[in-house]
Amino acid sequence: MRDKCIAVSAALDQYCKSGQTWMFGGFGRGGVAFTCLEELARRSQQYQNLTIVKNDANEPNLGVGMLLNQGMVRKMIATHIGLNPDAVRMMNEKKIEVEFVPQGIFAERIRIGGSGIPAFLSDIGLGTIVAQGKPTMEFQGKTYLLESALRANVAFLCADVVDRFGNCWFKGSNRNMNVVMSLAADSVIVEAKKIVETGTLEPENIHIPGVVVSAVVQAQPRAHIQEPGGGIA
Amino acid sequence: MSALSLSPQEEIIIRRAAQELKPGMLVNLGIGLPTLIPSVLPQDSGITLHSENGFVGVGAPVVGTPDYPVIDAGGRAVSLLKGAACFDSSFSFALVRGGKLDAAVLGAFEVSLSGDLANWMIPGKLTPGMGGGMELAQKARKVIVLSRHADKSGTPKLVERCSLPLTAPSCVTLLITEFAVFERLEGKMTLVSVHPSTTKEAVLSGFTFSVPSIPELRSWS
Amino acid sequence: MRDKCIAVSAALDQYCKSGQTWMFGGFGRGGVAFTCLEELARRSQQYQNLTIVKNDANEPNLGVGMLLNQGMVRKMIATHIGLNPDAVRMMNEKKIEVEFVPQGIFAERIRIGGSGIPAFLSDIGLGTIVAQGKPTMEFQGKTYLLESALRANVAFLCADVVDRFGNCWFKGSNRNMNVVMSLAADSVIVEAKKIVETGTLEPENIHIPGVVVSAVVQAQPRAHIQEPGGGIA
Amino acid sequence: MSALSLSPQEEIIIRRAAQELKPGMLVNLGIGLPTLIPSVLPQDSGITLHSENGFVGVGAPVVGTPDYPVIDAGGRAVSLLKGAACFDSSFSFALVRGGKLDAAVLGAFEVSLSGDLANWMIPGKLTPGMGGGMELAQKARKVIVLSRHADKSGTPKLVERCSLPLTAPSCVTLLITEFAVFERLEGKMTLVSVHPSTTKEAVLSGFTFSVPSIPELRSWS
């Protein structure tokens, strides 16, 4: 099977454009494509007016927080940005638009976006401000919100182990949003610190099949993260 | 188990909350006070903890590197118990919405008399997003809310109507404070137990509206 | 974590009743709870008027085919029953009702049934007889079918390895419908030839977490299957 | 690769079909003729095969026990290639409906002039259910149908309108028979190539209705 390993810069050149929608796997720091994000932030002039889909906003100047601090982002779709006060401030100052989605509905909207399903019915958020302005419908005598699919131009994933074809394996809680995003974008870039030969992973233990992956890139050690303790969202 | 120091009131709350968790239950513990419950549970409690970012079988906190691969939903590095299982976010919330959570233990800004919960947003002041809180509040079979009885100005957290945006309406099963336990019975948060340090009359007189109570209060523990 | 291993007969006594809806994992012979099925078929007097949800009808007098041949089944929801001529005959003679569902929609209706989602929009089968009589709706200018959730009273799964708490692992193509069914039933009985101590499976490599499993039972060798080659659907 | 013996016509069809599959493509091969394509592909074709019951990376058939743990959608025991990955049915069809299949190669009872496909049901005679066929026909980027040119009575499989229940309307990209290749161009199945054993005129005159063709037919291989 094809070797998809390329340099980070080559992957960005090939798949990324200004004005696009990008998805990032990760929950807090776990499963976040930090190497891609650092290279993207270096290209802040090149990529503007972006829509970012990530569970959270990471932390100030870390992860997707870099894209925010660089002024590259127009809109964020997220579940919780509390660990990034810069993001909260930018939202309050209306420098970015933020759409908050309940975490499971966030995952599900992305999942159906990758599954050829345009919408589903949900009762999550009924009776709260989340339901305001959303389309509703009756089904079997009850009222539901109609939740629509989320897709992106590019998804950036971070696996613990990836093979050269793109088959991914995640440790512990790093899997999070990465799996649903793998199907929901036109192009999928996976980074991992550990890249192995194709055929190394057990077929049954693969979390994302390489067939959905466009490019595999080498994650760099994250020297800039020095303080102990993980970030959250 | 935790390095955080607990106030005596907080310890009363989490010890009372721990009584609600029985062997075999699948439980999600929200950030804050609920996270401290394991420190007062027996070693082999038989309770399985769910972390909504993607696993069941949450173990004790560990000292982790910044890229430690197992964090709970509060971002703490934790161990996995024997028999733990990892999954992705969509499966994790399928569990929640599918009704597999026996209980969620959550914090609160306000709980209304009808069991509405407000714990995610203070407009103009605190707007971080709801995370997974709405699903937990709406879909856990039992929603146990832990809170100090009143805020710093002495206003009880149990209110006639929530003034803050709701997390979910009519969802709270139990509200546990350092003075009282309220249970939603016939649609109303009802006083069912008071801590030995106070009395039914003292608790009820602290409200500016009428709070129902059961005729014979249950013992605290 | 709790040891859920019990005898097959005890599991059936506890969870099964006449008139119920039962789901069975499996695609052809792979991942089918044959041991449970044999015990269920032995109780043909006890369990009648059943609704069976399985991808296929197995083969005559094999797997769910036993329930059909024993006259226990009122209705089957399936994707393809071609390998069981008895099932086709019973359908044509109107001895059983059969609802055919496209395979991916079958999986998805069960998945949402276990995910607290009552319905989703789909364009699969539009313009065919499958769409006849189904509710439709307009969404973003296109017509879709509204597909509803499928649930059961009991799901019978067959893993390759299960631990005593119920954590499951499947080999090769045996996973198929088992995972979605694990969430979509009030009670879930897992059988496996190999039962291991809890904690043996790697947490990351578990396909179904034991928390959704009600009982674990020992699968018996299937001595009655003597001919080579697997069955299909 | 297969123990099945092929007729010369069938060999023509699958060899022509194999030309449509390029390295890097993700392809699903339906039961029957399509399953035989790998026998005429080079060893390392670079084509990845999808089996809708739950994996990508289908390898050669193997002699399996009745409970062999890897079967393809046709029920044959098969090997997994290096780099193969297994998943559950819902992920498998998410791949299909999500548009990740570059091609599906399917059989047919009838293909209509507008590219409708009927291959799952003959009312009153053959009613096994559609399996995964509708999703494959509707959602693969390219739907390649393989069929003998005509049935035993000499009636072509390409018909003006399907008389049988459809698998999916307007879905066929290519119809490949032992005599001809038809491609759906501007909404109509159009003759684009004929086998050296016949001529454009002979093929077109076999229909009782008008079948379009491109001015300059493409060479067969």
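For reference, chains read A, B, C and D in written order, and residue numbers begin at 1 within each chain.
Here, a residue touches a chain if its C-beta (ideal position, glycine included) is under 8 Å from a C-beta of that chain, and two chains touch if they have at least 3 such contacts.
What you see is a predicted model, and the numbers here were worked out from it, not measured in a lab.
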item: Length of the shortest touching-chain route, chain B through to chain D; value: 2
item: For chain A paired with chain B, centre-to-centre distance based on mean C-alpha positions, whole Å; value: 29
item: Centroid spacing, where centroids are CA-atom means, of chain A and chain C in whole angstrom; value: 33
item: Cα-centroid distance, chain A relative to chain D, in whole angstrom; value: 36
item: Contacts with two or more other chains, residues of chain D listed in rising order; value: 55, 80, 86-87, 93-94, 96-97, 139
item: Sites on chain C at which at least two other chains make contact; value: 108, 111, 115-117, 123, 170-172, 175, 203-204, 207
item: All pairs of touching chains, each written as two labels joined by a dash; value: A-B, A-C, A-D, B-C, C-D
item: Contact set on chain C toward chain A in their complex; value: 108, 112, 115-123, 137, 139-140, 142, 144, 146, 148, 169-172, 175, 202-205, 207
item: Residue numbers on chain A that touch chain D, as the complex places them; value: 1-2, 111, 114-117, 163, 165, 167, 183-184, 198-199, 201, 203-204, 206, 208-212
item: Chain B to chain A touching residues, read off their complex; value: 51-55, 63-77, 80, 86-90, 92-94, 96-97, 127-135, 138-139, 165-169
item: Residues on chain B engaged by chain C in the complex (per definition of touch); value: 23-24, 26, 46, 48, 50, 55-57, 80-87, 93-100, 139
item: Chain A - residues contacting chain B, complex; value: 27-30, 55-56, 78-83, 88, 91-92, 98, 100, 102-108, 110-111, 123-130, 160, 170-180, 207, 222, 225-233
